[in-house]
Amino acid sequence: MTIDTGRIREDFPILHQEVHGRPLVYLDNAATTQKPQRVIDALVRYYQRDNANIHRGIHQLAVRATEQYEATRSRVASFVNAPDPRGIVFTRNTSEALNLVARTWGDEHVGEGDEIVLTVMEHHSNIVPWQLLAQRKGACLKYATTTPDGRLDIDHLRSLITPRTRVVSVTHASNVLGTITPVSEIAEMAKSVGALFVVDAAQSVPHMAVDMQALGCDVLAFSAHKMLGPTGVGVLCAPPELLESLPPFLGGGEMISVVREDASTWADVPHKFEAGTPNIGDVIALNAALDYLEELGMDAVREHERDLTAYALDRLQSFGGITIHGPLDVDERGGAVSFSMDEAHPHDVSTIVDGHGVAIRAGHHCAQLLMRHLRVPATTRASFYLYNEPREVDALIDALEDVRRVFGHASARSAV
Amino acid sequence: MPVPEVQFDELYRELILDHYRNPRHRGTLDDATHHAEGLNPTCGDEVYIDLVLDDETVQQMAFEGQGCSISQASTSMLSDMITGKRVSEARDITKKFEDMLVAGQEPDPEIGDLEAFQGVAKFHARIKCATLAAKVLEDALESPVSAQRGG
Amino acid sequence: MTIDTGRIREDFPILHQEVHGRPLVYLDNAATTQKPQRVIDALVRYYQRDNANIHRGIHQLAVRATEQYEATRSRVASFVNAPDPRGIVFTRNTSEALNLVARTWGDEHVGEGDEIVLTVMEHHSNIVPWQLLAQRKGACLKYATTTPDGRLDIDHLRSLITPRTRVVSVTHASNVLGTITPVSEIAEMAKSVGALFVVDAAQSVPHMAVDMQALGCDVLAFSAHKMLGPTGVGVLCAPPELLESLPPFLGGGEMISVVREDASTWADVPHKFEAGTPNIGDVIALNAALDYLEELGMDAVREHERDLTAYALDRLQSFGGITIHGPLDVDERGGAVSFSMDEAHPHDVSTIVDGHGVAIRAGHHCAQLLMRHLRVPATTRASFYLYNEPREVDALIDALEDVRRVFGHASARSAV
Amino acid sequence: MPVPEVQFDELYRELILDHYRNPRHRGTLDDATHHAEGLNPTCGDEVYIDLVLDDETVQQMAFEGQGCSISQASTSMLSDMITGKRVSEARDITKKFEDMLVAGQEPDPEIGDLEAFQGVAKFHARIKCATLAAKVLEDALESPVSAQRGG
């Protein structure tokens, strides 16, 4: 099955607008994706028909809301082939999921002199929680580097893993380089020293079929808003036994069993990790996003993005004066394409491109370590999703020509 | 290729691009009496300013930094503007420059060439690029080097 | 200005449905409130027109989303008269806001033998985070009791405050008893010993005009979903200087300034406390809820609920065989009315009442300490909001008659 | 007052209300050989079960607890049903009772009076009330008192 973007784009009302008098070309999907009408309808339906607080209510609305909320949990588990729905915790976003693991598992199992292995291409959300843990515990952080062509240097990663390694946490797909990492291989390295293996799947689960058990990771984290779902929902997946062994993260309503004056006992997982009223409406709407993705098929999504990425890499390379950061082989990468233009800073590129209705991102992409590693202050990034079309790549290239006109003009003049 | 509705020439005035390509006063000052640095965390622009203040006058200014055309050109142009001015005048210019950008006020004649940045006020995501130099300069005017070394 | 529920109910699509063949009567507002079409429209508009990740984007959608997100922050600050929008942090819910304070301020300032003063009527969300803190630090918890008529025993509270008191955290309005607490008076007690004064305003901000500076508290916490807003947004209000002095809570994107391999520096408040992609859509929709409330006027909302509560208390008292928990004077209470029926357990009451289309709540209401204090296993609770009408109280009373028929019938029969 | 659509008589069968009003086997057993307790955290129902097991037979059962009619009546009725039965039969009855409630199966004749709870299956929020006793009983059958004291 292939993706018919003509039909698909009908489902995304936001795409049918003009920006600065030009049709919107949305190429900032690594930051967040747009939502199909079906997801918006799910929100509307929830608030117009079923809204109630969950878990404790006996009345009809509470029963309906609870059943729909829990249905998303089961659906998420099967979407990534997690071992058990009881191992699915809804957080605000990927960042919170990673913090949860660092706070609970980390504080229990990481001690002075222990090692946490990351990579230089991690998003800040997969760095800072571990830094804070390392500071609390006197542990140390090690970063695997990348190869000159932008892949993960797996030999370097292997050399960092020692018997003192307690946590290995890596991104499954880089939000800057696009690089897909060999997660199963890393899983074995982590397992061989008994380290917890965490995968930041924020950029993989939305774009390809991910089977958590096949990957062999202990923890998988991702965000609904990057996969057609609403903002405000993150997912933490782990085996329920792992979660059961952890101390609580946030305290409050819903996560307790018995509260006494001096101490309390905890509810069963996953509720133990969902303190207070959850983001019920958005969790329920996530189910509609998963519906949408499953109907298309994640393999078709992957194939579509691979083709589009190949086309984009091609056009950028033949444009000239552009450095592409990350692998050029589309089998080793996802659809986030970062580049630098000789004549202009990424922010200037982004401003001019925006003037053409083309939304891309410029900056450090929450990956300052990688920027330093690449020796660039920032990059320009275009990132694709299932509704993007080759003509949108063309629109980007046209806009880049305008960047060259504005900035090239200046250099021509200054040469006079 | 159709011409876009947005008038980039308003933003990227020739004078700005010229200062971006050929920054004035770039470097450091060994005998700096005042120093400050600033970072725009949302975009990564960096500006470092050295000053020699004497007799309540800005004798010299030099800067280093990296970032977009707006952040670097504005620092360059500010350095041109305030060199030789009294500290109180330098503060005044800086303040009026910010008023134009943030409050959207008509440029005061006192800010001279800096009025080239008036177009930035319409590009909300870029205002911070232009105010970075002003903020670091204000900071530098208050930050004697000796106090920093002592502290 | 008074509230015209006839007109208002037009704005709430969910209210116009039948449940079990009877018109829905929604009296579970302390758990969560329903949403006016305007709030639903704000969500739809955001996802159909403006959706983008905020703060770092230069393109149009990112600019629009950022401006609307920050506009809600300013609006929230003025809604509760907080000192500065930079002191407004968006969390998932009240529970997370309270955990944030306990983790950051608590871990910095509370030590062994220090005291934390709460009340027996706190929601678990205002107990468990402090228990976890006390356990981490060896601090001790003290609970102010209630008077026999269900008010806070202010003399008892005063007697608990000592020079070792580091935190005083109390609810502004009880979600079980309805009781409104004398917050300004408690603020002075807390201030006199230099304790941090935290107010759980989850049940007050939605129902009455709250002026944070007039109350004199350091921290105010509440939830959007209890005040016409979507699920998934909580608010923490504090002076920005207080927040600036705190260590970070969660690490990740958006909350950093510079990330280096071994350590990082933090963004300015409030961003330092908003790690990762926030719940952008729902924060923006909260603004529409505040619009709605401000147009009605919080004094009118309060008056409407007071009248309705008076009517409900009256009808329940004259029903007979019912014990009302909490003050009977409507000037000292909000619209959460808990009661026990002689003949049936709250869950049985709730099930039968639901059969009449009336949604109420039964259970411990996340207030197990209070249940023990009241010597009841659970209570039945009806709670009102601006769209409720006296005829809905009548519907509840009719349903309670059916409870009496079912359970009274049994006792009559067993007497044969 | 119009009669509601929901048939409460299906849920609150006379037999259930009778066990609720007049619980059988309520109390504790001084010579209990097995014991377990359970709590339904979502609604606060509590059940404590004492058993005297002898020769693979349930000689006696007693319970304490608090909660709604469904949780208390089901415990009472279960105690009636299993007293005098072999442990394996008690397990069987408990399992079939749960199957009726959770999986919505037709009641097995073996569960006797417990079929009165069939209506609960339709009231999703109340299923846990009815399965609490079953869970605690299953637990008690596995939990010798001596082991508890020893542990």
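Order of writing sets the chain letters: A, B, C and D. Residues in each chain are counted from 1.
The rule is simple: contacts are C-beta pairs under 8 Å (C-beta built on N, C-alpha and C of every residue); 3 or more make two chains touch, one makes a residue touch a chain.
Predicted, not measured: the structure shown is a model, and the values here were computed from it.
Q: On the document's contact criterion, could you list the chains that touch chain A and likewise touch chain B?
A: C
Q: Which chain pair is joined by more contacting C-beta pairs, B-C or C-D?
A: The comparison resolves to C-D.
Q: Per the centroid of Cα atoms for each chain, what is the distance between chain C and chain D, given in Å?
A: 37
Q: Roughly how far is chain A from chain D, going centre to centre by Cα mean, in whole Å?
A: Chain centroid spacing, chain A to chain D, equals 47 Å.
Q: Using CA atom averages as chain centres, what separation in Å is found between chain B and chain D?
A: 77
Q: What are the residues of chain D that contact at least two other chains?
A: Residues 42-43, 125-126 of chain D each touch two or more of the other chains.
Q: Out of chain C, which residues touch more than one other chain, so two or more?
A: 20, 56-59, 62, 256, 258, 347, 351, 354, 362-363, 368
Q: Which of the residues in chain C end up touching chain B in this complex?
A: Within the complex, chain C touches chain B at residues 55-59, 62-63, 66-67, 256-258, 267.
Q: Tell me, which parts of chain C touch chain A in their complex?
A: Contacts found on chain C: 13-14, 17, 19-20, 24, 26, 28, 31-32, 34-35, 39-40, 43-44, 47-53, 56-62, 92-96, 98-99, 102, 123-125, 127-129, 131-132, 135, 141, 143, 223, 225, 230-234, 248, 250-256, 258-264, 275-282, 347, 350-351, 353-354, 358-363, 366, 368-369.
Q: Considering only the defined contacts, which chain A positions touch chain B in the complex?
A: 20-22, 344-348, 351-352, 354-357, 362-364, 368, 371, 377-378, 398, 401-402, 406-407, 409-411, 413-414
Q: Within their complex, state which residues of chain D touch chain C.
A: 1, 4-6, 8, 11-12, 14, 17-18, 20-22, 42-46, 66-70, 123, 125-126, 129
Q: State the interface residues of chain B toward chain C in the complex, per the touch definition above.
A: Touching chain C: residues 39, 41-43, 124-126 of chain B.
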